[in-house]
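Pasting in a structure now, in structure tokens, and then I'll have a few things to ask.
First chain written, first letter: the chains are A, B, C, D, E and F, and each begins at residue 1.
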Amino acid sequence: MPYVNIKVTGGAEAPTPEQKSELIRGVTDLLVRVLNKNPATTVVIIDEVDMDNWGVGGKTTTQRRQEAG
Amino acid sequence: MPYVNIKVTGGAEAPTPEQKSELIRGVTDLLVRVLNKNPATTVVIIDEVDMDNWGVGGKTTTQRRQEAG
Amino acid sequence: MPYVNIKVTGGAEAPTPEQKSELIRGVTDLLVRVLNKNPATTVVIIDEVDMDNWGVGGKTTTQRRQEAG
Amino acid sequence: MPYVNIKVTGGAEAPTPEQKSELIRGVTDLLVRVLNKNPATTVVIIDEVDMDNWGVGGKTTTQRRQEAG
Amino acid sequence: MPYVNIKVTGGAEAPTPEQKSELIRGVTDLLVRVLNKNPATTVVIIDEVDMDNWGVGGKTTTQRRQEAG
Amino acid sequence: MPYVNIKVTGGAEAPTPEQKSELIRGVTDLLVRVLNKNPATTVVIIDEVDMDNWGVGGKTTTQRRQEAG
């Protein structure tokens, strides 16, 4: 019955449907392997966060990407 | 002062404004009834999650819906 | 497949096991009634938050309770 | 390494990119000042929630705004 | 910069320190492999939820375990 | 009506009651200043996360602290 929430940047950096599927399968397999959890009740939710809405080091990701050129 | 977050699938399965209103009223009433909480400070947030972004059993909901035909 | 997270104050205000059970049943029934969701895959998680760790109006709940006398 | 999630109403009440940047900088500075945390690993995520999806007092924000006229 | 939150049941079912370490390494590696994310800024937080506080199918995990005998 | 969740490491690194109070006041003031939000309905919740349960760079904070000597 694990619940997993994965937050990654969206927009131009958003994962493709295939990558989302791979993340969901991968983290479900990980929980089976490490904790023997039941995959049928393992819930995984992926959130895509806009780069203006994600900050690290006191700056938005948009600002950081612009500064990184 | 309770805080409630309800995550459901969005897109074609998204709740209507009326259903969202009913969920908010219903969960607020539940917290009044069970824990005598003050409705005026009960916060309810509903998240609608894309079916590609919600996985159960190692598969996305999109995949599961397709397989269910 | 809904996911519901309920946060309430813990410590002296923590819900009893019976109240937690009632909250879980109540919110699951609400999602069946309003959105016809499958109760078997409806996940509800209750978090009990210490009163020092919950703030409203710029003050901790501990402070607010002391001021309310 | 703090993680901060700020949820505010979106739509017509959504913060501008400049306001988001100010929130990210402000909360990062606060964590440096109060807890001497490393800004370089302080993550801040802002969620903008639709007014139909945010309830207080058993009503959606949309309903509350309409009633407030 | 991904952020991952893993919620699993605690108490008698809580993961060991070694299992937590394995989950953190595994999900970080998964994000490197699938999305080429930087492990140095990948944050993983594991929450252990009491079995009275985790409900599925309208019942607490404690109830479900008792019924499963 | 903003909702803010601040997660920091707990245990030996846990904030004191005074620091929690300062964080709550500080982030509430920030939301008043930047977005003119009503402090009376601004909810702030602080989570203290065990160092075994918080991973960065594929390692738990416990491991990272030991390696940093």
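Just so it is clear, contacts are C-beta pairs under 8 Å (C-beta built on N, C-alpha and C of every residue); 3 or more make two chains touch, one makes a residue touch a chain.
As the structure is a computational prediction, the values presented were derived from the model and not from experiment.
Trainee: Can you tell me the least number of steps between subunit D and subunit E, where a step is a move to a chain it touches?
Mentor: 1
Trainee: For subunit E versus subunit F, which are copies of one sequence, does the interface use mostly the same residue numbers on each side, meaning over half shared, or is it different?
Mentor: different
Trainee: Report the chain whose CA-based centre is farthest from the CA-based centre of subunit C.
Mentor: Most distant chain from subunit C: A.
Trainee: What's the farthest chain from subunit E if centres are computed as the mean of the Cα atoms?
Mentor: The chain farthest from subunit E, judged by C-alpha centres, is D.
Trainee: Measure off the straight-line distance from the CA centroid of subunit A to the CA centroid of subunit B, and report it in whole Å.
Mentor: 20
Trainee: If you average the CA atoms of subunit D and of subunit F, how far apart do the two points sit, in angstrom?
Mentor: Once rounded, the distance between the two centres reads 14 Å.
Trainee: Using the touch definition from the top, which residues of subunit E touch two or more other chains?
Mentor: 1, 3, 7, 41, 43, 45, 54, 56
Trainee: Pick one for the touching-chains graph, please: line, ring, star, complete, other.
Mentor: other
Trainee: Looking at the whole structure, which two-chain pairs count as touching?
Mentor: Contact pairs between chains: A-B, A-C, A-D, A-E, B-C, B-D, B-F, C-E, C-F, D-E, D-F, E-F.
Trainee: Of all residues in subunit C, which touch subunit E in the complex?
Mentor: 17, 20-21, 24-25, 28-29, 39-48
Trainee: In their complex, what parts of subunit C are in touch with subunit B?
Mentor: My answer: residues 1-9, 15, 19, 22-23, 26-27, 30-31, 33-35, 37, 41, 54, 56, 61.
Trainee: Can you tell me which positions in subunit B touch subunit A when the two form their complex?
Mentor: 7, 49, 52-60, 62-63
Trainee: Taking the complex as given, what residues does subunit A use to touch subunit C?
Mentor: 1, 3, 41, 43, 45
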